[in-house]
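These are the structures, in structure tokens.
Note that subunit A is present in both complexes that follow, paired respectively with subunit B and with subunit C.
Now for the complex of A and B:
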């Protein structure tokens, strides 16, 4: 046998470098920078809690959190419910499964900006196809992402996100549903269980771990939303309207447009901590309703 | 369930699946349709689904005048290097983790899973600083080099796969006098093809669709990738919607083709890991 230790380190060397250079150093440095004033060019200057206080006491970060929070409250249940419904349908004896799956999955692999520019055009108030559909149905046009009603803006963004992300949740749920033993379904049918009963009493309990996974993943995705705002609201200039601001946009703007590395780092850490707390809370909640064998 | 399903339930099922699929596909149909429209037809009410006249020039315009030919090349350039780097390095590290017992193995494995939790926003600024110190800003190095240092997701995927191969392979190669690098390159790397295919597609999608990385690192417009090119087009008010849509089609088409070629590996990868590249 070869020298275990020697070859072990030789083979893992690329990742060891990765850990040191691209993970350990950046994490430590970013923590330090969150307590410093730094413009990327001159040397950093320690300022204590100043950046953190500025982010925590300022309005903008919390408006961003509220925006993204409301967005998650609309997006996560909508996406989970629709993905569950589609997965359930595609798990039935239906022809052309691969084709249907492809149709639902295509948005997932589409580059965000490509999807974004199409939706942006479909949302157009005067020439957009969505308003044309509404008006042909005798309804009034909507301003969608330009709406004066903030909830309409958030709901429009959620709609684009559901389109983009639903396929991925559906695949995970579908994989879970395929674990439901066929015999169980068949015997339940002999016992007189209807489709609805099967769904609520057999399929749903068995896939709850996947439902939970899908909800955690989409919650994290919601709080990290960035590309959709870039695609729908255009260029990120130094001034982002307050109602469209999300934490990741603030971090990007502060760091790479304003070169305020300190506040950007503090905001990045704060966002990370908040997402961690939400995930842990969901994890705690999980024990109460997720069914494991 | 098949036999007992009443026909009206079946019909309803198909109707629902079809309606959903139409909604999901509609933005693609609209993108394609608009990309063939003339300037006048773009804002015509009621909108036309099949453009008349049918105009191909939008593609020529976006490809030549707005440099999408170049952006496409740039995107492919980055993707090819990213794929080569990530496939090779992830398999290399995964092989080491799976085959050799060494002191820090447990720790390295724990780190691998741990790094998946660290969001990019935290490491973004220091990483930018590293590349600035190396004078690598406005080059493709920051977008390519990290992939040669084995990402956690790829290691995880390949580690699981290598673990499932029989250990006797390694032992018999040792008896034949093969060195560890030889065993890796000649025996294990070729055997990992299915797992490498899955990782390759994830890497392709991730690199092709990446917006934030190029946005931060690339300033020179000639160096833009397709997503940045699209962002530029969208913000340029003088550019016709049909031309923008032609750009969107060019940006989307390669990923769709790659996906169609390797659907199976991709879907299995997502289903088994719950993650996207």
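Now for the complex of A and C:
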């Protein structure tokens, strides 16, 4: 037994080294850097809470949190509801099911670069297809991602994110729906349950763990949003207006363009704490509506 | 028990071998490392008396040979057999993001080039070697234009030497002028002439008089300079955006875009970018950076265009914004590598190499004799003097200092809002003034 334990440690050593070197050390180091002044070139200099105070008292981070919070409030329910609806429809005996599944999943495997460029053009104020559709219907054109109103910008980007991420949520929910016992559905049908009743009283309760998973993943993705904003704004050095920033853009800019690793690390840890609190909050309410049995 | 002992011994032995290998490589590095002297010239002078020893020089090339002439690098390799050159190349964007990580890990190349503003920041952080004594020892400053010292600080340190100078001139599409029956621009134009002609050349939603860029080099910076304003004061420590002249310059640019005689971003995007818009005759005039001529000739060989000097400012003077990319030598490189890097820079700044730079068209050389050669270059634009004489007359940097990247970003954010009509110019200028001054104070 003792001998087995020794060899066990030897065999797990590479993984332990990997975890220490590539996970534990960087995480610990970034926590330390959040209390230091470090420009990547010179040795870090301990400055106590200075970086944290700068981030907390500054305006920009909270504008970013407002944007990403509203982004999550639009994106998470929209994506979950749409993915649930599509998954439910694709779980029925419909013709060309496989093709439809592929169709809805396609944006997931489309690189952001390609998807971003397409949406970038679709959003063009004067020449974009969205405004062409609006004007064809006699409506006023909208400035989408370059609107003076931050809410319009955030909602536009949330729309793109739903397009991109819905397929993945749909696949998770579809997998859950396929586990709904057919005999339960059949017996409910015999008892006279309609499609809506089946959906709300049988299918939804059974797939609540998947819905919960989708919501947790979408929330985390929303608060981590970076690539979608970057793809649609072009580049950070081109000057993204302050009212449109999200925390990850601020962190990236401070760390890799301005070499201000301290404030960037403090902002990253603050974001981590906020996401943790939101996830715990969701977890707390999980027991009230998620059914694991 | 004995078997376990053997395995543990074997593992320990392997670790010891690994550690000794690392330490011996460190020792080798140390032995070929800094000589202990902080005088940049000293060890080189000693080296020149000794037989040339083998040195490896790690040369960083952002943008690879699209930016730096391969002919020069190959020539250096051939003429310096004792210096083994290791090229580290990457696309420009990737290189600049990679280099910061390399510097943090002390694995940066011995020499590389970047934007002058970035070099100034590196100098302040101790990454770049001060080249002032190298220049004093080996170069005759009189052989070069003033831009040789683009990376010089008020304190006298020189953090890099130019890879090339990239000034702007006023490009005009001759076909559009002919079509509109408007006289071609001249070197005597003022910015008011530019505005008046732009209005005359504009055909609503089809053709614009001028490409209304909102970027710094071809956009808001020349406009504030011509109006008698500036981004920072002469000491580069005070913001100047609340100055009425600076505000006037910004107002003129933004009025042109919003009133529709300068292109807006939507139109430019839809037409494939600023150069495409100009070359295809959808805009008659644009501020044109010297380096753009290579792409312009490749993509639009038949475009009928030329350049004149950028217009004169309200005070009759001319301000020609120029962007400089500079070579820097890594301060933590070994002295041997620094000396080899300086050898490369001397070679790069030599008459022969500078002639190659001149012919490439990708950037202007800094050696005066090479600049003279441009008269014989017959590629478009033919009027190369618009750039060279422009620099001589009023070449200015973009008020670059060590915090340029940070304050420039603050300005750009608000200028974009002004251009989009989301913020009034006066209001935006006040906002810029406060934010830029804060950056300058934080970095003082």
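Observations, loosely collected:
We adopt the following convention: the second predicted complex is superposed on the first by the 276 of 293 C-alpha atoms of A that agree within 3 Å, B and C clash if a C-alpha of one lies under 4 Å from a C-alpha of the other, contacts with A are read in each partner's own complex, and residues count from 1 in each chain.
Please note the rule applied: contacts are C-beta pairs under 8 Å (C-beta built on N, C-alpha and C of every residue); 3 or more make two chains touch, one makes a residue touch a chain.
Bear in mind that the values here come from a model prediction, so they are computed numbers and not experimental data.
Clashing of subunit B with subunit C is the outcome of superposition onto subunit A. With both structures placed on the common chain, the touch criterion links A:148 to subunit C but leaves subunit B unconnected. Looking at the shared chain after the overlay, A:125 reaches subunit C, while subunit B stays out of its contact range. Looking at the shared chain after the overlay, A:259 reaches subunit C, while subunit B stays out of its contact range. By the touch criterion defined above, A:89 lies against subunit B but remains apart from subunit C after alignment on the C-alpha atoms of chain A.
With both structures placed on the common chain, the touch criterion links A:240 to subunit C but leaves subunit B unconnected.
If you count the residues of subunit A touched by subunit B and by subunit C, you find the higher number for B.
When the two complexes are overlaid on their common chain A, residue A:200 makes contact with neither subunit B nor subunit C.
In the superposition on chain A, A:108 makes contact with subunit B only, while subunit C stays out of contact range.
Once the two complexes are overlaid on the shared chain, A:187 sits clear of subunit B and of subunit C alike.
By the touch criterion defined above, A:40 lies against subunit B and subunit C together after alignment on the C-alpha atoms of chain A. After superposition on chain A, the subunit B segment that clashes with subunit C is 129-137; the remaining candidates among 3-11, 21-29, 93-101 or 129-137 show no clashing C-alpha atoms. Residues 40, 126-127, 256 of subunit A touch subunit B in one complex and subunit C in the other.
Subunit A makes touch with subunit B in their complex at residues 1-2, 4-5, 7-12, 14-19, 21-23, 25-27, 29-30, 33, 40, 82, 85-86, 89-90, 92-94, 98, 100-122, 126-127, 129, 132, 136, 163, 166-168, 171-172, 174-175, 185-186, 189, 195, 213, 217, 224, 226-227, 230-231, 234-235, 248, 251-252, 255-256, 261, 264-265, 268-269, 271-272, 275.
Within the complex formed with subunit C, the residues of subunit A that make contact are 3, 6, 39-42, 124-127, 143, 146, 148, 236-242, 253, 256-259.
Chain contact summary for the complex, subunit B toward subunit A: residues 1-2, 4-5, 9, 13-14, 16-17, 20-21, 23-25, 27-28, 30-31, 34, 42-43, 45-47, 89, 92-93, 95-97, 99-105, 108, 111-112, 115, 118-119, 121-130, 132, 146, 148-151, 155, 174, 179-180, 184, 205, 208-209, 211-212, 215-216, 226-227, 230-231, 233-235, 241, 244-245, 247-249, 251-252, 255-256, 259-260, 263, 266-267, 270-272, 274-276. Every residue of subunit C that touches subunit A in the complex is listed here, in rising order: 4, 97, 100-101, 103-104, 121-122, 125-127, 215, 266-267, 269-270, 405-406, 409, 411-417, 420-422.
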